[in-house]
């Protein structure tokens, strides 16, 4: 067959560009694998029983424990050793250069962070659930109303706006007013971030319930509210739970709003109205720390966060796939 | 008569069930309104709290060159966030320039070229990339990527070209700066753009592909000349959402950009971004004017992402509608 | 065999052969009370008139079939009886739809209470994603029944009447209604509709999604239910209409206005053997539609 | 203009064979119609003739299809080049949504590397004239292709196919989405085109096949083995097929008893 004059070039472009698309996909997969790989390997090596059962001791305190000298931080001061102390001093600012000598390996663990994250995120989710789920019900069951469009747009604004903005708003509204960083303020900030996720998944999942079921219930003389609670929501429940799990995973990994609201803590605290430790905050602080021991803890905390996200996402994946398969 | 009784019973239902619809509607509307109220409240709170700085400096809060919170003998405190705004724009631009072509390649690969058996797991992996908390990107960036990138790119490039091209000038020093931040942000927004691109490409009716193939187009020509133009509005929307995410990204920037208020032309030099400025300084603010200036910066961030979201939603909505019309 | 050849055949050998051995002789007489009186009834979707001034009397305790080509408004008319269109934006009715003498479109008639008296079975089986038991008990609970024993008794009774009891009695609480086969699901929906003892049952092409054997079971079921309920059935299957109904209404879309109109309404055997309108005859003999 | 010789052509969807092996001749300067009930594989066979079939996921075909004397399924043959020589028009009128009328027709030419304005103008006008659309659109060439009516869009699709001067034109139920007047326009156009082009048309309308075609191939569904498989039962001159069918299945199909 005679080949047209520009065909060789077109063929080359075709193969080159298709190849490029494959390469581009590879480019996305490589950092993904690199990040997951590093966090899992370096993070896993930071893990120990102590990591999960103990709280962290700053290097000077560990030193004090061994030679009896005065610790640089007051162990009862919740702000001790975190980025911003009352006088603005920063960890590792050179005031105690010898501390590095004692900081080769981490001392203690991140139990306080795990507990804090569970409390802050859990409370945030509890606050977000009623608004998120009912707003989702509203968007699905009254989907044609003009007001629904406004609600939907506001949801998009919430999910699209930077997480730091949520932190700033709660900082102004709660932290400044109460003159107190607190876990509760952090939960409020996370609530703002979780509401749109819960709302939109609830809406989508309810919309997936076939209209014929609403009709069937209506045909039996069931009022809207009754059919919604007895038929529509039960049918959509697995999907809604999925959304809630994803919201939890997202909230647990948020850092920026917590910097402005929870502040962080180096001691175990379960007081909702006081600063509290949290995993992403510890990850952040320990990453910025000059002590290798703290850096190791950062990898460990990152590992725990990553596992949370991975496990949640894979669980959701498995759950939704099985559901999709069953309904077919 | 029986007939008559029935007729009466219609207007007075005895069952309690009957009267649930009004409270149900009120309840859902009220909770849905919380979402709207939240957005309004966020806007109002930031508007009010930013008032002090806005009256003191006007637009200079955003475009002024000097950011000096501390009262000294020689100078009044001045708040001009241009270094941060510039850093935000530059790092987002770097992110967008890198991520857009890659993400389009991934979207095209997933929607058009990839065998379906591979498409589902790959899509999952790409979406997983979006679920990883940003602080983990920061950790990975600080400990793994920055040293690596310095060695293989920043140092050799600035040595070779730095004297001729000012924005590639050295010294690279710690390696933290606009360039690495932009690259990490690119990895972070890649999945957002890629998965939305995939979705809009999948909406293109098959008839368009077949018509192009049937006039002797290669596979790539079909994609590039028929499929991509058909969904360009959606792809632009996806890029805008990605940009929104990059502009507001806090943790990766805080950890990677170096947090320097000095404006330097080089992409390898430390800088700061709006979000990281707020995250770093708000809890340590020295005066109410300082606080107010930082809130103004956050408010601007909120405004920009709101506009981007609105634009992107409109575009994607337009595409959806257009598709519906085209398919019928 | 296609519809057309079947119908041509039937005309040569007679109505009785067409409907087989299941011929019924129960003429609707004037002495029977009209359960539903449709008077100059029109129905609109926005500006589009879907049904134009239909008038007919549906007698109590009989099966009335509505037939006609697709788009003729037969489903719209059926769903107008229990105001299923209420949720549709822009839908409105003109004229009267009297149920036991009360116009159901009157201001003070509550559509929810109306639907408790007028049950409905849909084209596609639509069981809830609940257990079989809860599916049937749903209407009872909606009606405020709380007595567990009574509910269990009613559920059993309804499932038996829907000829489904033997097939599901061992897994009432184990299986979801959605796990049944298509035909079983439709019988479950009928059981659900009759459980709360409505006066009228509306059926919107109840067999169109089912295979012939399942369809036959549903038809048998309709036959058993006719004594207790007033049944109105929409079907596109003329043999089915001929087999199960006492009266048949034939509707057709007016070509000019595109609104559905009632062409003829009469006893089923008369409609199928000696229709008075030429269009009915054309349709029944398969010349269009 | 080229003839086609189909031998032992068997299209597959995954492992499922869609049609029993087909043997058929397609002559030049004639319209060959393919008719049959839905599901008989007539569109599938048509799509094998320019290797569009294999663009469906998992689809493949065995056998040979000679275009003149070259097997389009021979190894090393590029499907893109085949499609350039064997044009195709689809059931739904397709205009490229982001291109105007002019660019819709020019799309194929630009792919071939034609870029000189005068040359393009002339080729586009010629193609639109052959598709009897020129007079209707010559003043609105910069309007989007989707602004045309269904019948015009279908003629636009034909113009687009004709612009690259194919040897064979395949049409897959081109009139099924059109009203009777638009259908008549297209039929008239096809009869004009057959003097310079080999045309194969799949249609579900027997009347259409009888009106315009010279040769007719009748496909049927065979369900005897349990699953449905298409089958070519008769291929003969159109007059023969409609007046004196040799296969009883053809006869019953044409008299309206099957399908």
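Per-chain numbering from 1; labels A, B, C and D assigned in written order.
Simple rule for what comes next: a contact is a pair of C-beta atoms (placed from the backbone, for glycine too) under 8 Å apart; a residue touches a chain by one contact, two chains touch by 3 or more.
Since the structure is predicted, the reported quantities are computational estimates derived from the model, not experimental observations.
Located most centrally within the structure is B, per distance between chain CA means and the overall CA mean. The chain pair with more C-beta contacts between its two chains, of B-D and A-D, is B-D.
The centroid of the Cα atoms in chain B and the matching centroid in chain D are 48 Å apart. Per-chain Cα centroids separate chain A from chain D by 56 Å. With centres defined as mean CA coordinates, chain B is found 16 Å away from chain A.
With touch defined as above, residues shared between interfaces to two or more other chains in chain C number as follows: 112-114, 117, 142-143. Annotation for chain B: residues touching 2 or more other chains are 17-18, 218, 221. With touch defined as above, residues shared between interfaces to two or more other chains in chain D number as follows: 80-81, 84, 111-112. Listed in rising order, the residues of chain B touching chain D in the complex are 116, 207-218, 221, 225-226, 229-230, 232, 322, 326.
Every residue of chain D that touches chain B in the complex is listed here, in rising order: 50, 52, 55, 57, 80-81, 83-85, 87-90, 92, 94, 96-99, 107-108, 111-112, 146, 157, 160-161, 163-164.
Of all residues in chain A, those touching chain C in their complex are 144, 210, 212-223, 226, 230-231, 234-235.
Residues of chain B touching chain A in their complex: 17-18, 20-21, 23-25, 27-29, 31-36, 38-39, 41-42, 45-46, 49, 101-106, 108-110, 112-114, 122, 124-129, 131-140, 142-144, 187, 190-191, 194, 218-221, 224, 241, 244-245, 247-251, 254-255, 275, 278-279, 282-284, 294-295, 298, 301-302, 305-306, 308-310, 313.
Of all residues in chain A, those touching chain D in their complex are 1, 3-7, 10-11.
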